[in-house]
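When the chains are written out, they are named A, B, C, D and E in that same order, and each has its own residue count from 1.
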Amino acid sequence: ADNVSLRLHWLVNGSTVAFYLGLERGYFKDAGINLTINEGKGSMIAAQVVGSGSEQFGTADAVSIIQSEAKGMPIKAIMTIQDVGALGVLWSKTSDIKAMKDLKGKRMGVTAGDALTQQWPVVAESNGLTKDSVNLAYMDGAAKPVSLLNGQVDAILGACIDHVVLLESKGFPVQCQRFADYGVPTVGVSLLTNENLIKNNPDLVKRFVAASVKSYKAFYEDPQAALDAAVRARPDIDRKVVGGQAELIKAYYSAAASGRIDRAKWQSTVEVMKKTGVLSSDRPFDSYFVADFVQP
Amino acid sequence: MTYNRGAKSTQALQETSLTIRKGEFVSIVGPSGCGKSTLLKMVSGLLRPTSGTITVDQKVVQAPVTDLGIVFQSPVLLEWRTVLQNVLMQVELRGYPKSAYHDRAVELLTAVGLRDFKDQYPHELSGGMRQRASIVRALIHDPPLLLMDEPFGALDALTREQMRIDLENLWMSRPMTVVFVTHSLDEAVLLSDRVVVMSPRPGRVEQIINVDMERPRGLGARANPVFEAATRTITEIFLSRGVLQGGGFARH
Amino acid sequence: MSEFAVTSGTWRVPNWLSSAWQRIGGFVVAICAILVIWQAAVTLLSIPEYILPGPRLVLEQWAANLPTLIANGSATASVIFLGYCAAIAVAIPLALSIAFFPVVARTIYPGIVMLQNVPKIAIAPLFIIWFGFGLLPKLLVVFLLAFFPIVVSSIAGFSSINLEIVDFARTTGASAFRIFRKVRLPAALPHVFVGLRIAATVAPTAAVVAEFVASDKGLGYLLLRYNGDLNTAMSFATIITLAIMGVSLYFIIELAERLIVPSRGTASGSATGT
Amino acid sequence: MSEFAVTSGTWRVPNWLSSAWQRIGGFVVAICAILVIWQAAVTLLSIPEYILPGPRLVLEQWAANLPTLIANGSATASVIFLGYCAAIAVAIPLALSIAFFPVVARTIYPGIVMLQNVPKIAIAPLFIIWFGFGLLPKLLVVFLLAFFPIVVSSIAGFSSINLEIVDFARTTGASAFRIFRKVRLPAALPHVFVGLRIAATVAPTAAVVAEFVASDKGLGYLLLRYNGDLNTAMSFATIITLAIMGVSLYFIIELAERLIVPSRGTASGSATGT
Amino acid sequence: MTYNRGAKSTQALQETSLTIRKGEFVSIVGPSGCGKSTLLKMVSGLLRPTSGTITVDQKVVQAPVTDLGIVFQSPVLLEWRTVLQNVLMQVELRGYPKSAYHDRAVELLTAVGLRDFKDQYPHELSGGMRQRASIVRALIHDPPLLLMDEPFGALDALTREQMRIDLENLWMSRPMTVVFVTHSLDEAVLLSDRVVVMSPRPGRVEQIINVDMERPRGLGARANPVFEAATRTITEIFLSRGVLQGGGFARH
């Protein structure tokens, strides 16, 4: 069997418990793969680790994958996990904010340098807001939900899965609007690998993708089983939080269970990125992924 | 007087009683380690006995006495100040205007042969020069009480003689009480109204010798029978107590 | 007239054990006071748990999750320990060469100062790229943060010796190494320990930073997880575990100082005699 | 027979200016060496830019973005400066009371050690919640990280004084404050400066951490942005700016030391005379 | 010999030439600050002249001499070692077995009256006791060359007399070269084969006086006309050069 390691884009959460299920059920073993799952510290790091060749596969946000490739990292996206990015704006259901445009004059918690903050100007523009019409309060990522809970800010930029679960678990009636639904369509978490691996061992990549797709299908059928598998592997994860994420992900993404790479969505992702200025490369949009590893 | 270190304690002084009168010149002599420095520190109030008293000028010493000048056995100069700055430290700490004492400092430094060295740092001086600097520091503010712990110990015979004469002149020129620790019996007798003779460790005041001689006691005073008598008495006290108990340096 | 005696007026206690007890006593009182005030504040002001959990809740959670904390704590402890030892092993010889070789002082030292001013936290992600996810990048972060205080203090120590003592040592014809071991090192030790203490408080923070960036175990990993889950009570429990480890290291260093640094026979009454 | 003379065998130079030049000379050489090796490594091994940008690229970017770096750098500099000054203002009186009042040493000091072992980086997000978005949480982070080295070193300094010198000072009847100012402080200063130097290298890192946590300006903010854009060259340029600021602070402290700390008239030949 | 500090330099010794013969007892006397300690450090090789030479036992001194025992003007003890450990430091640094020297150390400490203090730390001793401890440290390894800088300066007259006699006995009992700096002319003449008399600062060797007297020179030797003659000669040299230039302590 091939020894393979997978670097997640973050600590294990709802979007990645599927791999633990596949591992536990032997989907990877059946594909001749001896898999190690490593938790991660950000999409960029996952991309870099795979790009440097020290690990074979990774999960990362499509935006990060494109950015890293454009910088010359030898990586490619090979499977879609979330066909629409989960990034969005969160506020309280009880506040007077009902839609994006109501953010005018409000105070919003953001974190410098992250994808949310990079995309925000385009979202704002698409919704009739100007650069200065929302007061941005810069803060650490971990501080955002607390300051929303605490009323120090009226809204935050966040993920419409993780943050929703987190805030609801604290009894906070949260409303989340995805950027994707407000004119900034991007692809979300995807599976990636190293170009050299594609060249030298396409069969392994194919088998890995197949086992991953199988894992996700099984996950959408029974999120609780995936959660149990993850908890058995990592006993210190919070069942309530990760379980909530898993349920939400099922609700949002089960339609994309095939893992198919949607060219149109990647194209719009690249366009959004060019518009936000984080991408200056003129490479064609379809050079960032290899679509044919996912069997129809 | 006992020094404590945890369970261990060193008795530095036995039952000791000492009364010093105003304007008097008292010397303390005694074998090394008998407690002279300890006694002097008690006179200054820096060390305080829990029982027993030291009386200076009819006042019992309790807190550190401040209208004094003191010369410790080692020079105790501030390494980061020049000789002149060290001397003026006395004045600065007392909050007196420094400028008013500058000329006097230079005068005294000249008197002890350190004028050329006033801007040097202590580590650039010879042992005897450091000692002389600390003597000047004790004199700069004209204190009414002067405590000196072997102040001339590192000086050559001639310089020593000169400074002894200078000290006597200073003492005669204005009212001042002096307590003077020395190993030189000559010096003690030539300078003092009374010589306190201490017994070996742990010491106590063995005897107090009055020296009735006219002043100034110049170079010729050594021929004075009073001088001879006093010196002989002290020497005899010392001899009667013996000194080192060891058997010399040679191997046994 | 009775014998003179001086009462011991200083607070030092001659042997380290009873002194350690005194310290622990004060420490316990201080801790208790803090806990009481903290609980009172949380209860009276009804501060929400995710902003500031009360000490009772934190302790409950701490006790409930002790096995997890211990397992991850020991991972962090080994990072701290190894990085700290590496820092000592490099810093002291380096300080020696800086103190005695002008060339080193002029060329390498400014480089080290420069290096020290690079925020390790900012480049820690690069460490992963450069050195992978293993132990190495973590050790490196601890090492880099801990070694500088030791270097600076040791330089001060090695430069402050009485030159006449070295003169004496030179007349014995002893080798430079023996003079170092018998004279220079003992004379410098009190200063070196100043650096060791500062480094002891830096090392745990450094280990956590390293684990934030590159670890799937350790207290830093737990912290990241609990922070993400808004589990402030467990974050606090983790921080307290870390603080306990840090304080232990600190007092181990202090104990080592008492045992290793040649005492002068802590005297009392000598010149203060209240 | 001719006069004896001893050649100066030590490397110290009597006045700080020429000595500063000597240092800067060595520094420049060291820096150049590093740059050359770095560029060579990047070019020869053709290391991709996102892993390690070459110095040429970094310098180009640095020059191109100088106004941004200066604007944000000055924001960071004021955080560093204010936090550092606050640390000095608190640490030295605290060290004094710890050195001279046993009660303080026994109750407060262990608490400070404990506090010091709490990873400030882990609780920094809470600072925003507790203290808002303004300058305060940032100053607090710098303050908390910088003050401990100063405390530890100053305690060592205030405890190491020659007691006979204090005895002399007491005979003058000078107030405790004057004795402190004229005798204890100058005697302790070399030790205090050890702490000030260590703190000087800690402060910039602390400021960046603080800005990571809560800022829309400053070098920490820039770093987050450039990291987010995978703009490694500009990240390096920012880090270098920060390092330059840190090194400047360090050498300002060193200069202050030369000006403030009473010299003993750096002698040569005294006991070494090679 | 010049001490340099930046642009400033202090001339410590003028043209000086000194040859010391094997087995000889040489004393150096001279006014405070004339360069005695500097000269002694040059004899030990700790300070090296760029021009000129010091010859000990027909060898030119270049590197630090190591087969010697040295007593510095200040005691220079290690604060963190007890008296006994300080004495044994000499042996440890030389790499000799410590146990072989323990008894000898106690014997010598007994000889100088420090047996009861062997386990105390330097700061718990009186000034004279510290000095005695450093004398023992210089003798413990039976060095063939002994350099002493005012070793008896802080001792009382009796202890001093006793130790002088002990030192002479030790010197007579086995071959040993001694260079001895002192301020006591008596001591210099009573101990030495030759007395080196130095002129005031910046000093040079003014004259070398031979002292031809049978040994041991006990207490009675002071009556010997050779003693008297030598002492007078030296005193005259001193007087002819004058000492302090100042005008005394009184105000002008």
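In this text, a contact is a pair of C-beta atoms (placed from the backbone, for glycine too) under 8 Å apart; a residue touches a chain by one contact, two chains touch by 3 or more.
Predicted model, so just to flag it, every value in this text is computed and none were measured.
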> Among the other chains, which touch chain B and chain C together?
Replying inline: D, E
>> Between B-D and A-C, which chain pair is linked by the larger number of C-beta contacts?
In response: B-D
> Centre to centre, by mean C-alpha position, how many angstrom separate chain A and chain D?
Replying inline: 41
> What whole-number Å value describes the gap between the mean CA coordinates of chain C and chain E?
Replying inline: 47
>> For chain C versus chain D, what separation do you get between their C-alpha means, in angstrom?
In response: 18
>> Measuring centre to centre with CA averages, how many angstrom lie between chain A and chain B?
In response: 86
> At which residue positions does chain D touch at least two other chains?
Replying inline: 51, 125-126, 129, 164, 167, 212, 223, 227, 265, 267, 270-271
> What residues in chain E touch two or more of the other chains?
Replying inline: 3, 5, 41, 46, 74, 120, 124
> Touching two or more other chains, which residues of chain A qualify?
Replying inline: 44, 48, 52, 142, 146, 150
> Which part of chain A faces chain D closely enough to touch in the complex?
Replying inline: 44, 48, 52, 67-68, 71-73, 111-115, 117-118, 136-140, 142-143, 146-147, 150, 152, 278
>> So in the complex, the part of chain B that touches chain D is made up of which residues?
In response: 41, 44, 46, 64-68, 70, 72, 74, 76, 78-82, 89-90, 92-95, 120-124
>> With touch defined as at the start, can you tell me which chain D residues reach chain B in the complex?
In response: 162, 164-165, 167-174, 178-179, 182-183, 186-187, 261-265, 267, 270
> Which of the residues in chain E come into contact with chain B in the complex?
Replying inline: 3, 5, 10, 29-33, 35-37, 73-74, 104, 107-113, 115, 120, 124-129, 132, 139, 150, 153-160, 162-163, 165-167, 169-170, 173, 183-185, 235, 238-239, 243-252
> Can you list the residues on chain D that touch chain C in the complex?
Replying inline: 11, 22-23, 25-27, 29-31, 34, 51-52, 102-103, 105-111, 113-114, 116-123, 125-126, 129-130, 148-149, 152-153, 156, 160, 163-164, 166-167, 190-191, 194-195, 197-198, 201-202, 204-205, 208-209, 212, 220, 223, 227, 232, 235, 238-239, 242-243, 245-247, 250, 270-272
